[in-house]
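Naming follows writing order (A, B, C, D, E and F), and every chain is counted from residue 1.
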Amino acid sequence: MDTKRIVDFKAGDEIQSFFILRAMNIKTSSNNKKYLDLTLADKTGEINAKLWNIENGEDSTYKTGQLVKVRGTVTLWQNSLQFKITKMRLTEDEDNVDVVDYVPAAPISAEDMYEEVMGFVNKIEETDVKNIVSKIYEMYKEPLMTAPAAKSNHHAVRSGLLYHMLRMLRSAEVLCGVYPNLNADLVYAGVLLHDIEKINEMNADDLGIVSEYTFDGQMLGHIIMGVKTIERVALEVEAKHETAMLLQHMVLTHHYEPEYGSPKKPMIPEAEMLHYLDMIDARMYDMNRVYDQMEVGEFSEPVFVLDRRRLYKSSLHENL
Amino acid sequence: MDTKRIVDFKAGDEIQSFFILRAMNIKTSSNNKKYLDLTLADKTGEINAKLWNIENGEDSTYKTGQLVKVRGTVTLWQNSLQFKITKMRLTEDEDNVDVVDYVPAAPISAEDMYEEVMGFVNKIEETDVKNIVSKIYEMYKEPLMTAPAAKSNHHAVRSGLLYHMLRMLRSAEVLCGVYPNLNADLVYAGVLLHDIEKINEMNADDLGIVSEYTFDGQMLGHIIMGVKTIERVALEVEAKHETAMLLQHMVLTHHYEPEYGSPKKPMIPEAEMLHYLDMIDARMYDMNRVYDQMEVGEFSEPVFVLDRRRLYKSSLHENL
Amino acid sequence: MDTKRIVDFKAGDEIQSFFILRAMNIKTSSNNKKYLDLTLADKTGEINAKLWNIENGEDSTYKTGQLVKVRGTVTLWQNSLQFKITKMRLTEDEDNVDVVDYVPAAPISAEDMYEEVMGFVNKIEETDVKNIVSKIYEMYKEPLMTAPAAKSNHHAVRSGLLYHMLRMLRSAEVLCGVYPNLNADLVYAGVLLHDIEKINEMNADDLGIVSEYTFDGQMLGHIIMGVKTIERVALEVEAKHETAMLLQHMVLTHHYEPEYGSPKKPMIPEAEMLHYLDMIDARMYDMNRVYDQMEVGEFSEPVFVLDRRRLYKSSLHENL
Amino acid sequence: MDTKRIVDFKAGDEIQSFFILRAMNIKTSSNNKKYLDLTLADKTGEINAKLWNIENGEDSTYKTGQLVKVRGTVTLWQNSLQFKITKMRLTEDEDNVDVVDYVPAAPISAEDMYEEVMGFVNKIEETDVKNIVSKIYEMYKEPLMTAPAAKSNHHAVRSGLLYHMLRMLRSAEVLCGVYPNLNADLVYAGVLLHDIEKINEMNADDLGIVSEYTFDGQMLGHIIMGVKTIERVALEVEAKHETAMLLQHMVLTHHYEPEYGSPKKPMIPEAEMLHYLDMIDARMYDMNRVYDQMEVGEFSEPVFVLDRRRLYKSSLHENL
Amino acid sequence: MDTKRIVDFKAGDEIQSFFILRAMNIKTSSNNKKYLDLTLADKTGEINAKLWNIENGEDSTYKTGQLVKVRGTVTLWQNSLQFKITKMRLTEDEDNVDVVDYVPAAPISAEDMYEEVMGFVNKIEETDVKNIVSKIYEMYKEPLMTAPAAKSNHHAVRSGLLYHMLRMLRSAEVLCGVYPNLNADLVYAGVLLHDIEKINEMNADDLGIVSEYTFDGQMLGHIIMGVKTIERVALEVEAKHETAMLLQHMVLTHHYEPEYGSPKKPMIPEAEMLHYLDMIDARMYDMNRVYDQMEVGEFSEPVFVLDRRRLYKSSLHENL
Amino acid sequence: MDTKRIVDFKAGDEIQSFFILRAMNIKTSSNNKKYLDLTLADKTGEINAKLWNIENGEDSTYKTGQLVKVRGTVTLWQNSLQFKITKMRLTEDEDNVDVVDYVPAAPISAEDMYEEVMGFVNKIEETDVKNIVSKIYEMYKEPLMTAPAAKSNHHAVRSGLLYHMLRMLRSAEVLCGVYPNLNADLVYAGVLLHDIEKINEMNADDLGIVSEYTFDGQMLGHIIMGVKTIERVALEVEAKHETAMLLQHMVLTHHYEPEYGSPKKPMIPEAEMLHYLDMIDARMYDMNRVYDQMEVGEFSEPVFVLDRRRLYKSSLHENL
């Protein structure tokens, strides 16, 4: 018996460990018996699992999002690994495990990130800009602690949104040093607001797992939702019209290309910079995630989110 | 002396007539004399005009938008017609002319169109949809009477916006008959709201002449501005969230392609229909405008707004 | 035993009913026995079916397109429903069933549609236009009664082509009222001829089921075939050259974009209108078909034929 | 006084020579005198010319297409050369000049080219292919002798169409040797028919000068016109359906890309080869035309018809 | 027992024959026994094969690239043919078979092709061009004898690169006759060098089978690698700078479109011609390969490498 | 008399000042007198100038690139300012002016920039990377001091290339802090080498003014030239193959999109970052250049190099 991480599973492994129940369906096998078709997950990945020949009512014991203790065998089925469960139960207090340790999450604690991010809010000098951002961050503090930045792809982990903004803010600060003609207030505010409505665009539970896009998310998307939120809050804090519009313009243009959702292009340098800060952070995240699973001297498979490019990990990347 | 319309001017014509002063610049000629470089306009077109050797202060007599009485000669300068003014003065009461007769305008009176359009507002049955539309039409009644639908191109005439919506509404009504599965309330509301923020996207005077795009128009554009207006009004009239979102979605998607300003595509049939109603009316308007200046049996020059297509006017178009 | 429609099948259902045999292959199982791999269909859909362990010659009993009576069980195989046949026979007179009731068809009878469509032919006033259209409709009357408008996608049902044209004609009539500058003769003729060669572009049986594209369909396509047919008939009825060319031009341009098969763009307003009539009818058809399978408050899966958009069915669509 | 070719004109040259009158407009100068605004041409190029202060009726002496004897001076006007005419008259018999020597033409005589091209017609073995091509070449013999292959761009010279086809046929013959799997009959026929309707797509006089596109040319274009001609002739010679369709398919697909006018792509290797033969000949022609005006070691200006590429003429191109 | 070629296999065939082992994996079946999952190949194709229940160590008997003698049965598994091996052994001397006869190869022997190709090298007159090409061909002679021109697609067979260049050279020679303004030295050299670095872009064994792209191939690609090789060799043979650059330019531009790997477009006619020679040969090869498996009167399935076009094989293609 | 900067010229100004002679042509006026058509420039811009009625030989007094003292009047000609020279002479020692003060240049001295840039070279730790970069910077030190980064557009000023790289290096350093997984050696080397061959792609004089692209620049471009230079130097310093290839790959991919000249996309994160560093610096430069000529509260004209976007300068940009 073994407590391997899912990413390390090999056919033939006998496993006993804790997992999150990510998805669950009751199905009927060819011999007409009911079984559970499950997705189990830990911090490192997911695997399809089968619990054969369930008793009546056994399926109602479990709900997705719960932590379960499972015993079974890893098998190979049509070139994919599958987990054949022999025993499964819900975790109990004495198991002394916390569900949060079983979901992928940002590498810094949400509390630390939040504090550092709020530090940037406080660096904003222009009153209206600061009022708008502060008000929105008050409103959204709670969901912000766990929200991921995506359903899949970059920063699709617990607190991924905070992590995405934090790294962008750090970059923003130093680049405002290199390019002193930029208004740092606008750059910080742009970063802090650009994706803020991802919180309402996707239904994420407090494990940072997105089940689906929301109604508003489908009908308008987080960019338009963000513009509306700034408008509403700007009216509440009685911000100058020009200031409110600059922030809305930055959110509206940050995807840059119409086909990626921005109907206008940046008309101020801070909006241009926001776009590149966003791209850099997303790409660095995605590339590092691929590197994490590669050996030195190796090419990766084509990576979907990087336009099907392969990456190469050189000997100069050995100790990074 | 002649009172020809500008569209009929030929080199050599001696003209005495009334025109609108569309643009005016003071310039200095090669022999160092001041002169006025003007654009004169009537219902049918515009012409560049020169008033040579002006007296000191004579330029301050005139303001763009005024109606002037002018005498002079049409000449040819580098393949373009030009109007050489020999005499010019402001109109006076006894001239008995009205500036409105000298600007291009929709072929139906604004009052008649407004009444017919409001008839459609009243046909809307669903309370929230009706409340939102009614409220916005109350707010915008005044500018709506004269607003054009564009700076140049289709419906860029006085009350052109009303005319554009009126024809779309007439089409909407009959097509809802052919396609009874459409919710007519949504289609009417979509038409009534889709371009409403063109009123605030462009600075137009009450002759329907656009001088420039507004700050908000440049930073966000009438589509995003329209979404925001619906949001605000929907909150005021306490409309159901779903209803408010459907109307915003229709405005957001009506340009259909991202590169034309719609970051989302229609997800309800009424939004799809709105797009085609809009396209049909714009294209019919532009094509008829070209036909008006063509003879039967002739091909037009390439028309910029029709993707540089030429049109052909056949003998079957003779009496239309 | 149950007579459910295919669209309502669930794993475990015991079914006894009539179906059309849409496709049939003889295969050999892993234990070296022959079996029939079938596609069964009714008005609502299709399902893969297996008839195991057939006798020698049993396969020659059946032909695709026939109506069969079948008994069996619905099973789940790799996430798809499959029908395991226990008994199958050809229908007999005493079954008192008509194959036409088992294929998807337009919601109006072909006869009624044909009569209404011919009413539009008779509304055409210009002699040459009328002669060309009348002649072609005489020639194609028979196949027209059953022809679908596509192999899959919009109007891919029995008499779908008639239904497509009929709704376009109804729209054409009312829009010619809104836009009186259009020549209605040309618009009607354009609608009546634009897809007429779909009859010869696809091999459809008299159930309206397309087996494949024809040789001419593959080498030229229905647009070019339509141009040629008009040319030939125009010569036969001695139509004026200009008239014949206008009709050919309308057919040639109705797909509008080169990448959709139109090498020229519309040069007359009637051709422009024809394109939009075509688009509207196709999109309304496809969207309603998706709506038919959706609940209020729900988003659909991405719809291939609508550029992978999802649709949303709102509470305002409840009783439509 | 000088008889320089137009390509060699320099500001200040005094010229007396013969030219073709390519275009003529009567205009009125700023001092209200009538003058002729002309385009003069010879084999090497064109130049704008002015004949000032004409007498009443003098303009009716001349018609475009005529050969005139002209005396005057080359001047520079806004960076372009212009020809100021001091004396002009129509040519007379005793001038002993032939208009044909003053238009750009293919480098081989039309008669020689025609004979060689007909040799290829005779090489066709398959009866139906040969009958179709022969019949069309009989019909079009006369215009073919002078027709250019374009209004401007490649082979826009007298007999340019014959020259274009001739070089393609020579290439076709040798490439059918390298690729013996090609059916040479189809390749020859494809070349012989692909552009044949350029004859009716453009109005060219017998000097090979195109004044404008024809009605049919604008409404359908030479590709669709070619398909129709083959169809009609194939019916007349009672060719097999398959054969007639293959030839139509080749003409239809020879521009290869939809945006260049081909709604289908080649489905037989001979159509694929036809496309490349066409491209090669057009590009070699255009590139050589640019090279003719370049010195060794030089880059050309961007060439419009070559997608604005510059060409380089190397020392290896010195004696070609 | 039968010695059929793979392309002729049908379910149920009992086969005993020689094959190349193209790929091999050891897997574990659902009943926990080890088995070999193999790809067998001959000149005509490949098939998946299973050797069940292998002994310990049996897998180490075999290596990919070896020729094996196999007995077994062809079965149908999920619509694909599969080969169930009952007996397998390595070939021995007395089998008297040569691995080269079991891989797809160019239809002419490498030796004959090499000689003919070197004949073209010797036809080059300009000293520097000749020196550069000769030197490179000396360096690469050995790998050139077997190198394929691709991993899959056109000329992906043993000695396919030589065959590709040979046919291009034959075409080049005759087209230089038709277009005498071309510098034949440059055209020959362009053909001889354009793909030469495919030798180092892909790891191919001496059967011409590519296992993967090389490091350099992935990081730069054969076009850039070719430019570098010419540069290095040109310095070694002390070629004139202009000549070295012309050859590099030809290699750099031969894919023509940026999205296919050429950052510049041809600036000399020889580079333009090189592109078309390359396209023609690739397309003729691919089309003939499809034709080889088609019957007259038939349409192919969509062919991936031909942009998913279908081909048609007409009665005029019967004896080619 | 006035010594205004060119950017401040207005029609009617009488000017006496020093300018650089940027371009010079001898032309002949309509009254057949020779005159000089000149372009004069200072740090702030350029203006067309005419020196009328020159003496024989006067034109040979001047050469482009020289500093001249000029007196004359600013006039308006067809909406552009023009400078009518009344007196002009070469500068003399006693004028005590330095040509370098009359060309646009980077805002930091070349010497200071060079020192800071070399500091980054010295920060590189990996031996091969450092050797390659050091060697190239030794070779190119002299031209590097004055080279612009472009012919027009971003950094097209004296020492603009150094300035471009310097700002990128400063950004690179801080971003390597935010993204510690990046190999800083590679990022620095990528910045230092990415545009280095712009030195040989364009012919720039030591005022940093580009007259034209070089032969190599036209045939290959600075990206391919850079790859070749790294290859050559890497062989000289006997660098590891992998290292040499990584640097070549970074240069090759830094334009990112094929249509901008990069045939491959980045396969290592450092190449990805290099692209964004390049984009950011170019855009910040171009935007600031536009801002420099704008007032607060104003929209600019469409800016060609920013895809014809307008910029807006807000009150938050007032003191930057």
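As a working rule, a contact is a pair of C-beta atoms (placed from the backbone, for glycine too) under 8 Å apart; a residue touches a chain by one contact, two chains touch by 3 or more.
Computed from a predicted model, the values in this text were never measured in an experiment.
Chains making contact with chain C as well as with chain E: A, D.
The pairing of chain B with chain C is characterised as same-residue: of all residue numbers used at this interface, over half are used by both copies. Centroids of chain C and chain D (each the mean of its C-alpha atoms) stand 47 Å apart. Centre to centre, using the average C-alpha position, chain A and chain E are separated by 44 Å. Taken residue by residue, chain F touches two or more other chains at 215, 218-219, 242, 246, 267, 299, 310, 312, whereas all remaining positions touch fewer. Because contacts link the chains in a way that matches no line, ring, star or complete pattern, their graph is best described as other. Chains touching one another form the pairs A-B, A-C, A-E, A-F, B-C, B-D, B-F, C-D, C-E, D-E, D-F, E-F. Those residues of chain D whose C-beta lies close enough to touch chain F in the complex are 11-12, 75-77, 299, 310, 312.
Of all residues in chain F, only 27-28, 30, 32, 215, 218-219 touch chain D in the complex they form.
By the touch criterion stated above, chain C contacts chain D in their complex at residues 215-216, 218-221, 223-224, 227-228, 231-232, 242, 245-246, 248-249, 252, 257-264, 267. Listed in rising order, the residues of chain B touching chain C in the complex are 126, 167, 170-171, 174-175, 177-183, 185-186, 242-243, 246, 265-269, 272-273, 276, 279-280, 283-284, 287-288, 291, 299, 307, 309-317, 320.
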